[in-house]
Structures are given as structure tokens and as C-alpha cells.
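Here come two complexes built around chain A, the first alongside chain B, the second alongside chain C.
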Partner chain A sequence: MTLQRASRPVAHCLRQSSSTRHARTLATTPIDPSPPTPHYHHHPTPSPAPATPSQPARPPQRSSSLSRSNAPLGPEDAFQEARAFLQEDRREKLEAIGLQRVKIARLQDRVVVGEQNGEVERRKQREKDNRVRSMGRRLEEMKVMADINDPMVKKRFEDGQGDMTKPIYRHLANTQWHSYKRQILLQRLTQMNVMPDVLPALDPIVSTGLAFPTTSSTTPTRSRLKRVQHGDFVPSALSSQTPTLWIQPYNKGTRLCTVAVINPDVPNVEKDGFDHRCHFLAVNLPISPINTRVRLGELGSTSESKGDVLLPWLPAYAQKGAPYQRMSIIILEQPSPTLTPIVTTLLGAVAESRELDVTSASQDPRYNTRDGFNLRSFVDRYGLKAVGADLFRTKWDEGTAGVMQQAGIVGWDVEFRRKRVEPLPYQRKASERYR
Partner chain B sequence: MAKDKGRPKTDMRITVIRYHLKHPLTPRPLRFSRNRSLRHWTIHRAWRLYQTKLRLSRQIELERQYNSMAAACEALRLIDGHGLTAEERSRVGEPDVSEGDKEVGRLYRIAMRKDDIWKGVPIEYARIQTDTPPRNGWNHAWTK
Partner chain C sequence: MTLTHPKAPSMATLACLQSALSTLRTTHHAVPAITHITRRKASHQAQGRANGAKDGAGKRLGAKKTGGEYVVPGNILFRQRGTHWFPGDNCFMGRDHTIHAGSPGYVRYYQDPARHPKRKFIGIVFEKTQSLPQPTHAARRRQLGMLAYQMPTPPQPEIATDETSAAPTKVSDGTTVSIRNSKMNPGGLQLTLGPGYQYRQSNYEIGRSGDKKEAAANAKGKTIRAFAKFKPGDRFAAWRKSVVRVARSRERKVMGRGGKGGAKKKN
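== the complex of A and B ==
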């Protein structure tokens, strides 16, 4: 009896879905009454009317108006009612979105009148821009609110099939990243003191992922990628290869990014402190919500990858005796030229980025040397904005010497030793009380 | 007590949680399949949305009633003994200087008095009209 009762919802679902297509247990669009196509069925379907005498008779398909039948309501009916209610709500929200679009268009058509280049006109223009910007933000919110109650959207997103060109999937991915992975990243960055050392402040907006290719001796061409978590120690053999970086932004549009890999822990014995060194610098990388993978090794070389490498990849190394060294990967967004079309920026899309002049940057003596590379100066010079970061650490292991030799770095056999600190003269006190 | 001290003390919270989870009268935890849990989520979202809409509509209705009352009080404040505002009086042509101070808004001021309105009990103690009777009946022991 309990087994029959437990199987009742399943049987009811099957019976309901038998007259519709098999895959549509969670249909959010109206189920059309056409006969089901043969290739959806993998097993013989049960007939709509209950044929087995052991199962009690139940009305096969309940319509949306519940007042007709007196049989007890189940969760399936609640689901259909909920679906109908949410569809009605979505229709209202779509109307509101259309209305908002009309309002924005009407506002943008209004011309600001004032004295020519006067203070009043500038203020009015600024106010108008602010209003368009707020209305654009509201429009994006409304687009997300329209789809956020859809179970199919949730299912698609959880299965990883979300289309990142749609704002709802971007919103869900952003929320997911914020809930855990971004907090981990910020914790690693703060604990490793990347923030005051490399850049004064960093608020990650784009999510990052890093992987190094492992070259197996048998197949040198096809190498597997080994993922690295934020703040991991990476063996020197792995970090000698040029990695792959995934940069996932959550606002629409393509923007040009700069990637800089800075090591702020290069020991300097003379000053008894540490220097910065740049291990990689590339500019003008086009990044968008669907185009996220950046193979740092193949930038600029092949025709399909668009990006300019100013300083190619230098393997991460830490000499023997030196403490572990942090390798911070900073992703910077290039600014838009001053005369952008306001429509794209004010309505939430990212503005067109300006290309960085590669020739002038490569000739600038401050930015074409690795040692003593000052990222803050680079950021200020080109007006860049830090949008994302990643971090890994290196320490000395058995392969470091080999890696340094292969890369032709001077000082592969240098070993650091702690300076012996002379203890302060200890004055023995007179009585036993001070022992 | 002496030989108890050697063992590490288990946290009482763990004991309490285990007691409540394993009690025979506690209902067993539900385990939903993927589709079943998505349907549950949909029903929950729809119910919360419905409740929010209901609450907002009630709030808007209350705001509308309050604004209507405030507008009525404001209109009363500007009216004198003859039922004319200052602008209407000047249009009709009556002299308004002598009447201006005391007559205008007299009824409004009377309405706004909150002392000794209801045989010694202020109006705020009155019961608002409801659709259904109260859960607790008449309180015979009520004092001011």
C-alpha cells in the first residue's frame, strides 16, 4: 500500500507526460496536444487511462482550473498552478521592460537646452546622463527579474549550458562566483598582501582561472592542462611552461584587457629587501563573456589570436634559501577613448576600449625591462583599471636549477643564507630573581 | 567524576542535534530527485512572489487611504466657516482680513484635537474594523 502510494506521483507524472512529449516533465511553454514524435520514446508508454486494477483510479490529466474535480490535490497541481502564475508574472514584466525601453528612447531624444557651453547646459547634460544611466541599470535588473523564476533557466545554468550572451545567465554565474570562489580569491590576495604590495586596491569584477600545460614525454604536441587554485604552490617544472588564463567578465560587450604577471618578492641583498619583477606583459587582449580563454603562449604569434605581447613569459623561479615568492597575475581593463557613444556605456554595456600603443610602450625604458617593473606607474601612465587577479606561489624545488639554466637566467647556482644577527650584550642581573 | 576527566568532553550541541535527528517522532529528511526539487523550487518561488504581491497591494491600498485622508485634512485646514478657501473668498469679493485668523481651519483644529474626545478615552484606543473576529475575545480587565 505504501509502495503504491509512493509510486502514485511518479505514475501520475508518467501518465501526464505520456500524452505530451517525454522530455517535457518541466515544460514552461504550453504543452501542445499533438501526438508525440517516435524518437523521444525509449520505452513503451503507459496508456492514459489506468489499466492495472491494483492501482486506484485517478483522473488522468488535471486541467488548470481545480474546481472541476474533487480528487485530492498533489504537488504536481501546485506546480502547474505555480507555472501559470509565473508565466502571467513574466508577461507583465516583459510589458514593463518594453515600457522602460520606450521611456529611455524618449528621454534620449530630448535635447538639453541652455546657454552655449554654459554651466547650466553642462549640469543639465550631466543630469540627463545620470537619468539615462539609472534607467539603463533598472532595465538590466528588470531583464534579470523576468527570467529568474524560470526552472528551465535554473536547470540549464546548473548543467553548464547557460548562454553567456543573455543577462540572466551572466547574473546567475556572477552570483555563484561571488558566493564562494571570489571570497576565496580575496582571502588569498589579502593574506598574501598582494593588495598593498603590487596595487593599492583591487576589487575583482572578472573571475579568473589558471592552468599550466604538463608536457608528457610521449606526446609533446598534445599536453594536458593542470588547473591551479588561487594561491597554490606550483612546481617549477610546471610553471616553466606558458600557462592558459581564463578571464570571465559578467557584463556584456567586448573589452581590451592587459595582463601583467608581477613577482614582488625578488630578493635584493644590498638593500636588504625585495624588488618587483615582471614575468609577463600583454596588451590589447579582446575579452568578452563568451570569449574567455587566453593562451598566453600563443598571443600575437598566430593570426587568429589578437593581442600584443610586450614581455614574453619568464618561468617563475625562487633561488635556494630565499623564501617562497608570490606570482600575481593582474588583469587590467583598458580605458575607453573620451568620445565614446554614450548609449553603450549608459545602458550597461562595457565601452569600446582604446588600443594601447605597443610601439611606444615597448620603447619606454620604464616598461620594457623586467627588473624593477613598477605596475602602479604602468597603470597610471595608461589609465588602466584593475578588474581581476589571480595568484600562485613558487618556492625552490629540485627542478628550479634546471629551469633557470634552460631559460638562461643568471644565478641558477646562487644560494641565499640568513645573515647572522649578533645578539645584544646580555647583562647578568645580580640576584636569583632575574633568572 | 575523577576517571571521567581523562576523556575529551563531547560538545553538548552534537548530543542535542543527534537526539533530535534520531528521535522516533522526528520526520525523516526528504530526498528529492532533480526534477522534483526543481518543481519544489518553482512552487516556492511562485508562492513567495504571490505573497509579496499581496503584501505590496495591501501596502499601496493603505498608502492610498492615508494620502486621501491627508488631502482631506489639508483641504479642511484651508476652509473657513462658509466653506470657501482664501482664493475663492477673494474671487467672490468678500473682505477676508477679519475672518482670516479664527474661522479658517477651525474645524480642522477641532478635528486634530487628541484630548478627551471619546468620554475621556482617546480615539487611538478605538478598534479598527476587521473582516474576521479577534482570536482573543473581549478583554474585560482592560484599563486605560
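== the complex of A and C ==
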């Protein structure tokens, strides 16, 4: 099997060659009168039976690209042939990419002309935009296809040295995220009903990571970050600190995001139900494939961390006896200033996002209060699009009372107990035995 | 003209038949010499199968609460073998697939193609006007079902120190107690609180105690070994050790299992 695979590039090479070459380059019978019998000492697998037509009994004669010696071909030669084949393939793809760019430029230069005062013109403009957009998408695909066979690219990606400004590494990272971690995230979000409770639907396209700072007794001065998996229970002492969030988008360009942390499980005894509470709200955070870390505690304070915090971090807490509370972190992309709500530009990059007006948002009574914060209304008001989410859970533990007292939250000594439901009336029998 | 009756079998034939069948008889009543001929039923398929499944008493399966009835948590809604109906909103299923109510409300029988294309569900709604299935992508209807009370003894709020004791303190936290100079702990051992709320030495400490004692004695130039280290070939030392061992085991045998076993046996 290895021999068959190894001989394919050679066969391909020879097929490409002109007819001026020898007619008998691949032969089953020896060209020279007395050749030595071939032995493959390198690999232990036995050479296949010569009955198969695609395989000659003896090693194929080398083309003129390699040396003219009659020594048998080994795996290293097959590897070099494969490399040459892949390099040729990449060259072809790069040519095709160049052609595609020229085509897109030519199409964009074409001026749309139409009669009927706009109706036809608008339709033609829309068709042109669609064509340019799909050609742009095809161009991005071709860029990925050009590099996907490169073993060095694969190695660099697996070692974590991939440059996220290049489309191939973004594509590989996106594929890896989709294969497992995104499925886990979606499982947690659907099983814990974040989807219907917090937002109607959510399709994550950015990957998220969450970590809380903790200072261990061994390193009291330096704070370590404790990673939290999607859906984990986080102790209240840990979640009292402002966390760090990693947001990794997989399409190029910088966009402005909003981060909202919503707790949809706040118990409300009067209405015998649950309220929403916003534990954190920040807008205008620039996120790009290379700039992924967001320290929620330091937003807006330093020049490098840009962003506007509308509601600072409130520690997560769940009172005693209440069921566990889900803390959902929703990442929303702010819309572009263009009239059309399509976020991607014609060539696949992310459009410039519009900055959210912080003063108007902070003065709006619906969005400057934590209790009763309605994320659906916020999303509709500012035209945001949910692109990512994370989730952790909190329940009562020994440290919750202390955390609530420190944060000045009323109700640290309140506990919840199940309401007694009167049993339905049923016929009692006469005897005491049948209570 | 005389009617020809079917001829009855002769006495001899009957006697033969009787003697042949006497061995098969289970009861030994006094049978007259000649038995009357009994009429046999036409078919015996009406008897049924000998080893077939017998129909048992009815198990009173089926719906116990109809749609729209008010129920409280725990009420049985449907008894079934297997899952003809599945538990929907605010309902749960017992170990024999019985569907119970999980919260007070009104029973609804429904289908939810978004949840499963073919299954039938039994759920509970909180108000008579509500129906199931709930509208897709809408926030779920949930009931708290709890009341808030002031805690009788408020917890001692530990100011959240920046220790790694962020995790709730478990029993096997490694809190050590060393009750030295005490009657209970003459050896001055280091006892830790383990799972099961018992104060004990850890297993590895018990295992290493022998080695530790030997090392301590070696430091003083002594040894706690009863015999010298085994030397293969030294039959004299091996014989000495064996003599001591045999004498000790004989002594133990005489003593018996209990302390006064030997004395008791003599009596």
C-alpha cells in the first residue's frame, strides 16, 4: 500500500511530462539487461504482489528530475516528491487567488446603470453587492485552501504559535473549537435553559474563557487566575473578585463588543417567581483575533484597556435555601454605522462597529438599574447581536454571607424554605388505622 | 322391526380395560366392578394450553387525574407500564414510570414536536388559562414555591480571606489534632480528622511507623528487631529462632483464644 501511495506522485509527474521522454520509463520487465534485484531494506512491510496492474514488480525508474542512478527509491524520496507535489499545488492556488482578486476589483469598478429611476438600479446594485460578497467569501476559502496542506502550518498551530492575523490559523482554531468545546458550551447553555430564559436564541461564533483571580497562601502578593469551565459551580469567595474574560473571534478585523452578566434566577417571593439581575455591563470593548483578553476590573481605567463600564462587577450570590443561580455572560456585537445591518463587509472582514452612547444608556432608567434588567430589551434598543456566551453557577456556601456583607447586600441572613402545599381533600375512613 | 342399538362391549372387555386403567388411577375409592360409560366432551381445545400465560388481576393502570384537574406535588397523574406518556413541565417520573405532579397546578396532556416529534407529555400549568407546550423562544414559566424567613441563628460571616480555602471546608481538610500527654494518646501521635468524622493516623503513617522506629533505634546504635537479620546458610540462628517461635505458639495454644480459655477448658 505504501508503495502504491509513494508511486502516485511519480506517476503524476511522469504523466505531466512531454512525450519526448522514454516510452518505457515505468516498466515491469527490466530495461537494462542485468539489473540487480530490488530489496526494500528500509521498511519491514513486504512488497505487494506484482499481479496488480498499477504496481510494477520492481521499483519504477526515476524521472530525470531525480538522479539517474538505479538505486531503489526509499520513503525519503517519496516524501520529497510529495513535498514537490504540494508546492506545485500551492503555486496553482496562489495564481487562482491572484486571478480572483483581479476579478473582484474589476467587478467593483463596474458601474451600475439602470432605468426606471432607481428600481432597476437598486436591484442591480444589490445583485452586484451579492456577487462581490460571495466572491469575497470564495477568496477567503481559497486563502485557507492554499495553506491547509502545509505540515509546518499544522505544526505551528499545534504548538500554539499560529499567527491569528492569518486566515489559515483562524480557520484551524475555529475548526478545533467547533469540534468539541463549542458543543460542550451549547450543551450547557441548552440544558440549563439559558437560551429561552435570558435570550431567545444564541449561536456562538466567538469562543470564550473565564477566570477568577485568587491569591493563594503561598503567593500572597501575586494573584493567580483560576480557570472556570462552562457551567461550573464557582465558590462565592472566588466570584466576589472581578473576573478576566477571553473573547476569541475567528473573523478578521476589530469590532466593538458589549459584555453583560445576567442572573435570571433571583427569587421573588411576592410574585412567586424569578427576576433578572445584571451583575456587570460594559460597552465599546474592542475585540480582535489577536486582542482577546478583557480584564473586566480594569476597563476604562488604563489607556490600553478601552471600554466603558455602565454597571461594575457585583459579586454573585445565592441565598440559603434558594436553588442555584446561573450567571450568564453574554457577548454582544455592536452594529456597524452603515444603514444595512449586515455586519461583514463585502470582502469578509468585520465592519467598523458603532460606538454606543454611554451617557444616554447610563441615564436610561431601564438600563442603569441592576434589578429587573431586561437583556432582550437592551439588545433590541441598541440593535446588538449575540455572538458568544459563557456560564457559571453559584450556590450558598460558607463564604456567601461574608461576601454579601462586604458588598453591602441586604439579606445575608435570609433563608428560603419550601412553601407548604395543602394536600387535596380525600375521603377519610372511620377507623384511626386508615389515616 | 327391532331397532339395532349399538352393541355394548362385553364384560370381559370391560374388565380388561378396568385392570389396565387401575394403575393410572390416583384415588383408590371403592370402585364397582363394572363402571358406567361416561360421555367424553367433543373437543378438549377448550381446556387451553397447559403451560400458557394466565391472565392476572387488572392493575388499575391509566390516568388518575384528567386534564384541567387541580393537583398538588406528589399526586399521581398516570399509571403505566413503560412510557406511553412522558413527564413534561413540572412533572416527574417514578421508578415504575408513574407520572407524578411536581408542583401545584392544573394538569395538561399535550404534544411538543419541538421536544420530540412523536412523544406525548403530561405537564402542569400554574393558571387555568395557560396551556402547553410553552411558546418557543419565550422565557420559561417558573414558580419559586418558597418563602423567605429570617435565619434563627445567623451564620458567622467569615470575611472572605484571600486564602485558597475558597472551596467549602470539607471534612478531610487535614485539620490536625495532636493530643499529646493525654491518656487517650500516650504515643503523642498526630491525628487528623478523616472522612467518617474519626480522628486517626493516616494509613501511610501507620505503615511507616515500623521503619521510623527502627531508624530512630539505629540512630542510637540499637535495634528493635527481636532477631538478627536473616542470613541464608546460618542454620544455627534459624534453629534458635524456630525454637523460640514453637515455644511461644505452644504457650498461646495452652492459653486458648480468650484470656482464660485454657483454664476454662481444664474445667
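Assume the second predicted complex is superposed on the first by the 341 of 435 C-alpha atoms of A that agree within 3 Å, B and C clash if a C-alpha of one lies under 4 Å from a C-alpha of the other, contacts with A are read in each partner's own complex, and residues count from 1 in each chain.
We adopt the following convention: a residue touches a chain if its C-beta (ideal position, glycine included) is under 8 Å from a C-beta of that chain, and two chains touch if they have at least 3 such contacts.
Values in this document were obtained by computation on a predicted structure and should not be read as measured data.
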In the superposed model built on chain A, check whether chain B and chain C fit or clash. fit
Contacts for A:Ala322 in the overlay, against chain B (first) and chain C (second): which applies, first, second, both or neither? second
On the A-aligned overlay, A:Asn149 touches which partner chain: chain B = first, chain C = second, or both, or neither? first
With both structures placed on chain A, which of the two partners, chain B or chain C, ends up touching more residues of chain A? C
Would you sort A:Arg418 into first (chain B), second (chain C), both or neither based on which partner it touches? second
Touching A:Leu375, do we find chain B (first), chain C (second), both, or neither? neither
Figure out whether A:Leu391 sits in contact with chain B (first) or chain C (second), or with both, or with neither. neither
Examine A:Asp197 and indicate which partner it touches, taking first as chain B and second as chain C; both and neither are also allowed. second
Have a look at where A:Pro75 lands relative to chain B and chain C in the superposition and call it first, second, both or neither. first
State the minimum pairwise Cα distance, in Å, between chain B and chain C in the overlaid complexes. 22
So chain A touches chain B in one structure and chain C in the other; where do those two contact lists coincide? none
Can you list the chain A residues touching chain B in their complex? 25-26, 75-76, 78-79, 81-83, 85-86, 89, 149, 151, 154-155
Within the complex, chain A is touched by chain C residues 70-73, 75, 104, 136-140, 142-151, 154-160, 162-169
Complex contact set, residues of chain A against chain C: 193, 195-197, 200-201, 214-217, 220, 235-238, 240, 264, 267-269, 272-274, 319-322, 397-399, 401-406, 411-419, 421-424
Can you tell me which positions in chain B touch chain A when the two form their complex? 34-35, 38-43, 45-47, 49-50
